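The first chain written gets the first letter, and so on, giving A, B, C, D and E; residue counts start at 1 in each chain.
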Amino acid sequence: MSDWEPKIVSFLCNWCSYGAADLAGVSRMQYPSNIRVIRIPCTGRMDPKFALTALREGADAVWVSG
Amino acid sequence: MQNPYLPYPVRIDDITVEAVDKSLKTFKFVFLNDGDEEKFAYQAGQFAELSIPGVGETPIGIASSPVEKGFVKFTVNRAGVVTTHLHNMKVGDVMGLRGPLGNWFPWEEMEAGKNVLIVGGGFAFTTLRSSIIYMLDPANRSKFGNIDVVYGARSPGMLLYKDELVEWEKRDDINMHITVDATDDPDWKYNVGFVPPITEQKAPQGGDDAYAIVCGPPIMIKFTQPVLEKLGYAHDHIIMSLENRMKCGFGMCGRCGIGKELVCKDGPVFTLDQINKTPREY
Amino acid sequence: MVGYTDKIKEIAGRLLKECTVDMVIGFRKGTMPMMNEPCFATTPEAVDSLVWDSNCGINLANYLTNRKEKVAVIAKGCDSRNIVTHIIENKIKRDQVVIIGVPCTGMIDKRRITDMVAGEILDVSETENTIKVKTADAETLFDKAEVLQQNCALCIHRNPVIFDEMVADAIPEQDVVDRYADIQKIEAMDIEDKWRFFDDLLRPCIRCYACRNACPLCYCPTCFVDESKPQWMGKGQDPMDVRTFHFLRAYHCAGRCTDCGACERACPVGINMRLLTRKLEKDCQEEFGWEAGLSLDQRPAMDVYQANDPEPFIK
Amino acid sequence: MELMGIEPDRLHFSWISSAESTKFVNVVKEVTEKVKAIGPNTHFIKNTAKVA
Amino acid sequence: MTILKIDKKNWAEGLTAAANTYRLFGPVKEKDYHQFKALEKGEMPDLDMINTRLSPKALLFPQSEAMLECSLDESRDDHHIMKEIVRDDKPRAVVGIRPCDAKSTLLVKLNFDTPDVQDPYWLGAYHATTFIGMACDTPLSTCFCTTAGCGPYHEEGLDMLVMEQGDAYLAKLLTDKGKAFAAAAGWSETADDSAAFEAGRKAAEDRIVSTVKTDNLAATDLLELHGAPFWEDIAFSCINCGTCTFSCPTCWCFDIQDEVHGKSGVRMKNWDSCMFPIFTVHTTGHNPRDAKAQRVRQRFMHKLKYFVDKYDAGIMCVGCGRCVRQCPVNIDIRRVCEQMNSFKTAESCAAEG
């Protein structure tokens, strides 16, 4: 099981978390590459349908960050 | 047993943008398996299901004419899921075609030297183009009396098959009356106005040897019908092509029903008195 | 609830005669035992087909959505709470509806009775708290409390919370000790058992959407199930699609569901989908202290943000 | 989700300001570790329509 | 018409013997109701039921059935070309189907087996299936099969009709499919006891309490009936769920949907219902049957008028009573049929008046 890399679908709010991710990238910080980022305008746009569809299509986890 | 759900594989051979706002495109399909074209022999007025694997199907009237061999043409308006996907496809893509489905215009009756008036509106001109080319074909032209066409669209840019319209305008064995709802184009040579009033002015008198084929948006059909009655067209000589939600296309899935008839199998072509006998559920 | 029928006829007749309403929505006798059919009466004479007994489990608030005319509706406790939710969500205006309140002593569970009695049930009659079930060759008497629908057995809002007329004077509320015992039992299971439990629970589902359509809360013009641009879930019988449907349907009722039991009553294959909605009802009560549809001037919990909202799960 | 039988660690929420890039990195690492711990998602998966 | 006498003792082993050439289906009790299911090795059909809750149409016409598949993987040369999914049409046998459900397969066959186009999926299953019917001695109060074109001992659509007699079964072999099944099961002891069938039928038919009059449905004008005043009252309580259409053995409407997972696409056929608004909505949003009353009218008009006019084979209903029992708001087809049948058009009552 060691070489299995989880696929994490992450819904990042455009202003807060996406900004933080952008800042992390700009300042060359290393972080695991398992996350697949989906930019949403705000966590208000988040919907259980998205999380369920992500899991159903094969994601191993869903991370919503506002 | 032939599987009626299985589409014939086809390849998009050519795409021409018809309308100025790109909402209408004509697709030219070529069959991949050579035996399929004979099996797909069709009559003018029939429709077929355009099948995109993984997306769905959509019923579209066949725009090419039975006399044009080697390809099949469809003019598709971008409206739903399948048509939008189709509009994003490019030449060379492979997809499916199922048909020919439904009945066709009553050619046997009309080929007894009858006069034919064609009234078309908007993008419903596809099966009418197929009929016009079928009638103008040298082998068939003599079987008909005179042919009049009243074809209207919202604006000059929205007219379908512009080059062919100009060509037919020149011919003397067909009198074309092209109209647009409105235009600010100064050198617009043809009529301006809605189809019903233009039909009233330009269309020939009815009679028992005159047939009228009407295809277009419901609003146009509603206002053209009294005009045709005033011109003396009998109800069983006014022929219409109806539209309804369809899935199977050969009379089994039960959704396109209007009363006893099924639009996809007993139609889409109906005469007005057939329609008057069915509930207004289309 | 034996004497209610005549009182309802009298009130409905009066409302129609005085033209305060164009239509009265109530129940008429069904053609089968333990079944009543929702109906509308527009003339004073039509009123005497109205009836009320322990088989009126379908939620009549469902028939009020987007109505334009002035309407009277017969509402038991949970129905009245749904009418409050309807008014808060602007599905009907308060002055447009005359509410005939009915203090409800509970609806009987048709499925459970049919299961307990051998042979086909031919007639069911009731007294204040007994139910007599007649089959071809036997007659059994049940104590009404024993055969109530589960939601009626747990109900703590039997008297309507909002009404213009009252059919009888209020009845004492039940003090139910532990309303969510079955939910807690499921929560205590481990992940695999939970997954199998719901797999087994939802397997008979034939996606007829009776649960969605019987619920007054479900009034979207195009339900997420029917959306095609984009298409969120498959339309077939794949277990994941069935589960997604039930999950999201229940999710939409969070903080709005009054546990009237109409969904479970309408289901042809008897799925207890209320386990999902009552879990959400339990969470709303425990975390936000909110019960759906109790008062007209309080905004629902899911609709308003307070600084002290508990959010232990946010990192 | 939990009631339905989906492991709680499959669903994470966080609140990160656009200035807290370090917190962002830590949260990513933490989430990845947790998901690695519970293994691939076996329950809520639909690879082909399992129908008749 | 040979009649076999099967002692109850060797009924079970007869079925097990037949199980190695036929795949057996039968009613199985799950939770609190019976349902038709594939029987495992040695599992016997549970016959102490009056009828299953949902109709056995799922055996021939599954609720969702993958029809075509194709690969969307561009690298393959046959990408985007639809291929038929091969069906396993090995012989099957349905044991314990009631005569009304068997008659319904014939009505549905009118739709799926037309002269110019046939549905290979439904017909493939139909021809591969042998129907072993159980005569119905204890009909429900909601059964009105005798006035809906069939009856408790009706033989149309069945390959073998089995009747209970004391500690034995009498089996009337109706078709050679039935004979083949009897041979496979090793039942051969004949008994010409057709009088018992006659008596059984008589007794069962007398127990039917509810009836339906359908005599002047065909004569009434279609448009008049369509515009009748009672539709609004009938449709008021309807909540537009699909329960009646999904539990009805004669409802055949279906939907075609495409689903894609990764690189493989599937085109499937699902049950659909005229009760759902999306059944008829056009892409433009226009819906010919937008109002609830129109949809409820369509269902009853199709069953009791359009079908009668189009196929001239009686009403599209076998009187099994499932829609009456399952409807959450108790809309009763017997009451609707009563109102449709006794509907007097304007001029006809003037004539009588």
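A few comments on the model shown:
FYI, contacts are C-beta pairs under 8 Å (C-beta built on N, C-alpha and C of every residue); 3 or more make two chains touch, one makes a residue touch a chain.
These figures come from a predicted structure and were not determined experimentally.
Here C-D and A-D were compared by C-beta pairs in contact; the pair with more is A-D.
The most central chain, judged by C-alpha centres against the centre of all protein C-alpha atoms, is E.
Work out the mean CA point of chain A and of chain D, and you get 9 Å between them. Rounded to whole angstrom units, the spacing between the C-alpha centres of chain B and chain C is 51. Annotation: 50 Å between the Cα-based centres of chain A and chain B. Note: centroid distance chain D to chain E, computed from Cα atoms, is 46 Å.
For chain D, the set of residues that touch two or more other chains comprises 6, 12-15, 27, 44-47, 49, 51-52.
For chain B, residues that reach two or more other chains under the stated contact definition are 80. In chain E, 63-64, 255, 257, 259, 268 are the positions where the chain touches two or more neighbouring chains simultaneously.
By the touch criterion given at the top, residues 1, 3-7, 9, 32, 51, 53-57, 79-80, 83, 93-96, 243-245, 247-248, 250-260, 277-279, 281-282 of chain B touch chain E in their complex.
The touching residues of chain A, when paired with chain C in their complex, are 48-49, 52-53, 56. Of all residues in chain C, only 183, 186-187, 191-198, 234, 236-241, 243, 247, 276, 279, 311, 313-315 touch chain D in the complex they form. Remark: chain A residues 1, 4, 6, 8, 15-24, 27, 29-32, 34-35, 51-52, 55-66 touch chain D in the complex.
Within the complex formed with chain B, the residues of chain E that make contact are 67-68, 70, 72, 79-82, 84, 111-112, 114, 117-120, 123-124, 222-223, 226, 252-260, 265, 267, 269, 272, 274, 279-284, 288-289, 294, 298, 301-302, 306, 309-310.
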